[in-house]
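Both complexes below contain chain A, partnered by chain B and then by chain C.
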Partner chain A sequence: MAVVATTEPGARPARAGRRASIPGWVGTVPFLAYVGVFLLLPTGIVIVDALKNPSGAWQFSSVTELGNPLVRTYFIGSLKLCLISSVIGAVFGAILAYAVASGNPDGVVRRLYLAASGVLAQFGGITLAFAFLTLLGPVGLLAHASWFYDFPWGIALIYAYFEIPLMVLVFMPAIDGLKVQWREASENLGASAWQYWRHVGGPLLAPAFIGSTLLLFANALSAFATIEAWESQIAYIVPQQISISLSSEVGLSNINYADVLALGMMVMVAIIMTGYALLQRRASRWLR
Partner chain B sequence: MAKLIAAAKKEGTLNVIALPPTWANYGTIIKDFTAKYGIKVNSANPDGTSQQEVNAIKQENGTAAAPDVVDVGQAVALVNTSLFAPYKVSTWSSIPATQKQANGLWYEDYGGYMAVGYSSKFGTITSLNQLLGSKFKNAVALNGNPTSANAALNGVMMANLAEGGTASNIAKGVAFFHSLKEAGNFSPVSATGASIKAGTTPVVFNWDYLNLPSYVGVSNWKVFVPSNAVLGGYYAQAINKNAPHPAAARLWEEFLYSQAATGGQNLWLQGGARPVEEAAMTSGKSIDAAAAAKLPPVSGTPVFLTLGQNTSAANYLAANWAKAIS
Partner chain C sequence: MTSPMTRTQDGTARAGVEVRMDGLSRHYGPVVALDKLDLTVQAGELIALLGPSGCGKTTTLRLVAGLEDADAGRITVGGKDITHLSASKRDMGMVFQAYSLFPHMTARQNVAFGLRLRRIAAATRDKRAIEMLELVGLSTQADRYPHQLSGGQQQRVALARALAIEPQVLLLDEPLSALDAKVRAQLRDEIRRIQLEVGTTTLFVTHDQEEALAIADRVGVMKDGRLEQLAPPTDVYSRPATSFVAEFVGLTNRLAGTVSGQTVTVRGRDLPLVDPSTPAGPATALVRPEAVTLASDSTGDSGPLVGTVIAVTFLGATSRVTVDLGDTTILAQLTTADAAELPAGSRVALTIRPDPVLVSADSPALSEA
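After this line comes the complex of A and B, so read on.
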């Protein structure tokens, strides 16, 4: 009954009276429980298991595996792939978003692009790899482009296929936030297009641009199925190596090693997100 | 034998696990066993893996549902001997010595040799070095990442043997794939049934029984086993030492290792797998010659990796595979 009462606008005075019986934090319990079970708990398990050996005893030295030159190559591979694909995605996505945003806000083109971006941003994994394979693979219908197999450039271009639409989706609101009046004001004051972008538009969009780029980076970091379907005979990136450590049938499976790699990825994400927070604080200083 | 049959009939039931009816003719084998002895066969988890079979022995230990017999990969059999009961089938002497545990804890049953399957558009291939030629651009595929997939590891090992390497050192095999990569002929796409049908992977290293035109489903598909690189990969039978139906389990093994025209060895052969007693049956003329003729011919002494050789190959690949082909 209490729940029904709180949702009825007319019951406002009564709700205020009952607030003492149901503390405000109760409403956050489902969210916190969800985060606890699906984010904090697995994170904790990964951290604890990374510090153990396969027989279950503590072994802090396994973390030093992260310094192993072989393990480093997987992290460098992940870094290269994510960097290239997120920068390509961000630059082309931003240009596309600007082009679409500067058109008719209710026009067919805009609606078409947004709808298409919404679909294509989710178009990844095996289906995407298959699509490229069919078009450009060894017996591609369109052409035979073996350079697509090159790591990281070839696969980064495939990643760009879902990174660009994602950029359009996340960056569009920022461009929509640029008021026409600001452009008009700076033009009235005699600013050139370059000066407008250098001093007004650029600084305004910078936090959103950097934030979106980091989102694309994180998106690429966790992507696994696409590259696994495209070139599964070589492990280039950390998630592929984690998969091998979990499922190797030739005696190389080691769950704790997988946990150490996952821990390394968590550190990577933590560094990125810290950098993002610092950058954003710097970039949005003038807003306060 | 008569006493064993009587005891097994009294038990009336046999629990098997992870035997897909379309795999190695198991559908027919189970049906024939029941028809012959009137023993009901409970087939659990037909699509399970070797590891799941072993897990089931442990988890269902002591219950009536526990598997009586298992059919597991070499590597899994080698490390789980403490779960098995020793038993020697009556055709024990027909099983080559390298393919059985001396006390009968496990004994290989069927399998095959690592082979190269290829589209007949390339003509006839007789040696691995031909694969370095320019017409094989992006064509040569393994069946996964050799640090992860057993068939892929054996693919590299087979190249290693063909290049003059030994089973203890896979370096020459990795070097061969490095030259394949340098020539631009190594396909980064793993071979699957679909990729073969689509023509994406026209040359595939895989076990011969998974590489036959009848299994692959492509008519213009040829198979060859390189000479002096005959690398065997066999599954093994073992009896659960706490089997709920111990007599039926032993009778099942006798049926599987029977060389009769309607026995297990010939039934496996009809399913495209090489029975372990193939050599003895060929010289004893009890083999189904028509079915045997469909398998690719081999010349040379088969090599079987020991656990130690398998581990050292895996460790070498873990350190060198990615470097060699990226």
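After this line comes the complex of A and C, so read on.
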């Protein structure tokens, strides 16, 4: 007797074995949980606290503190320091990254450079400030730099110490993405080295360069321990003022004020990181 | 041969130029990439350099383009020595394997780039860019970015960009290798059409024998940094100068034979020699599969040219049939209709067409495809 296999309309093909169906998004749960607990939750708490008074009632007037001339001074101080240190870090880091990228891609020099950059980009804080103080401070071993305690240049130099290697790390992939064929094609079409950089290399690297500079800016914005070790008596930047507001030794602590300052910083970081993401998207499309 | 005339920007024609390489050498450390190469590309001619990886064909192209320096030798274009001229001053258009379009520029901007460097007025270069894109059939895609174009379209734009500067010489470095078979064949024909139309002297590098044979006025087969043979495609295929050429270009049966006078006797058949001065004695004859014909054999007799079909490979219009002759195997290329009459296991009688054959200098082998 012949056996005829029939399939009902819409029926799924039979599977050899039964497998539990796990939705694809389940794999993202650990990451989402991490982001939720360590980023979104604290952010939400800060925003809510910034918009409430100490008795728990909603009040939006505290946000107007951000327009206070004194508060503006801290923000301007943060902007100055971040701008100078990120530009210094970006320019010197880009040059170093280009120098390293021009060498053997599998060479020892490149591997050493990247390993060192990975370590030095994280080498901030008290140790770094102390190292500079002992070398270049008013009684430094190498030089007695009178400008060492000038804000923002003195501290910007210290910040450059970790900003430059960070730039090497984040900008190197963009330089690696510049294809040899583009240089050769432009040369073949009659371009000099300058014309290549002006019309091809420069425009192609620009989004990655600006994006990396924004990342350096955000990195400097969040740095606290280094400047606190460098100068703990005077607040120049927002994180220092937040610290003072939270732990005043003379009974002047004001958590709501600290939350408002933190909210202001969050807005700055959000703007910077949005710009960074947009630029990275463009750079990755060109330099993949 | 192509017409050696190139259109200039004002529409008038100019003669293509001769490119001459004399004793060109290039070493990478101990590796000899190019060994005293002598090659002359006639004005308006398209020469395809063909060979396996590392044979020196791309090095030749890069030396002509000025992207690398020769260790020794001389390159002249239209009689002018350009050996030490920088790439940017050589007036050559080049199309690379892939990914050479500037990704931040539209197709039109890419094509106009060379003209921009020459300070051509914006309106003129825009007009010229559109003309070039029309030439390659892409004027409707002028404002698209490279990532919005297919691989074939990108290579067309690259060709338009190379031609827009009205180069004296066009250099094509395996421009079709990254494309799929159908697009490759289309673009290959298009490159030839355009090259014939503009008449630019062209050097085309490829490792694809079919491409080289289809597109070139002459094919240069290279091995170990030297030219093994430089001849029209039909000669390279039917009268290969060396056993390497015979085996690299097309399939070849290696059959044991004996040279005597101006013929070689292979399995009882006398075949004329390509080189009548071949010394007498045992040798390996290189016989093309298409020179072998098969017929069904129902006699049951045995003989040097009777065997059994062991495989049939379908290639479209033709099929390749492998026949076991007892002491060796031999390939025959038949029409698919003929091959269908001879399934695996069939007894067949072989006939070898008396085309001139080349004799390999190396030790006689039984048979190899």
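To be clear about the criterion, the second predicted complex is superposed on the first by the 252 of 288 C-alpha atoms of A that agree within 3 Å, B and C clash if a C-alpha of one lies under 4 Å from a C-alpha of the other, contacts with A are read in each partner's own complex, and residues count from 1 in each chain.
Everything that follows uses one rule, which is that contacts are C-beta pairs under 8 Å (C-beta built on N, C-alpha and C of every residue); 3 or more make two chains touch, one makes a residue touch a chain.
All values reported here derive from a predicted model rather than from experimental measurement.
Of the two partner chains placed by superposition, only chain C is touched by A:Glu187; chain B is not.
Once the two complexes are laid over each other on the shared chain, residue contacts for A:Lys179 go to chain C alone; chain B is not touched.
Residue by residue along chain A, chain B and chain C are tallied for touches, and B comes out ahead.
In the superposition on chain A, A:Gln195 makes contact with chain C only, while chain B stays out of contact range.
Once the two complexes are overlaid on the shared chain, A:Glu231 sits against chain B while remaining clear of chain C. Looking at the shared chain after the overlay, A:Ile210 reaches neither chain B nor chain C.
On chain B, the positions that touch chain A within their shared complex are 51, 73, 75, 137-139, 141-142, 144-150, 152-153, 184, 186-190, 198-202, 310-311, 313-315, 317-319, 321-322, 325-326.
By the touch criterion stated above, chain A contacts chain C in their complex at residues 179, 181-182, 184-192, 195, 199-200, 203-204, 285-287. On chain C, the positions that touch chain A within their shared complex are 65-67, 86-94, 96-104, 113-114, 116-118, 147, 158, 161-162, 165.
Interface residues of chain A facing chain B in the complex, by the touch rule stated above, are 70, 73, 133-134, 137-139, 144, 146, 149, 151, 230-236, 240, 243-244, 247-252.
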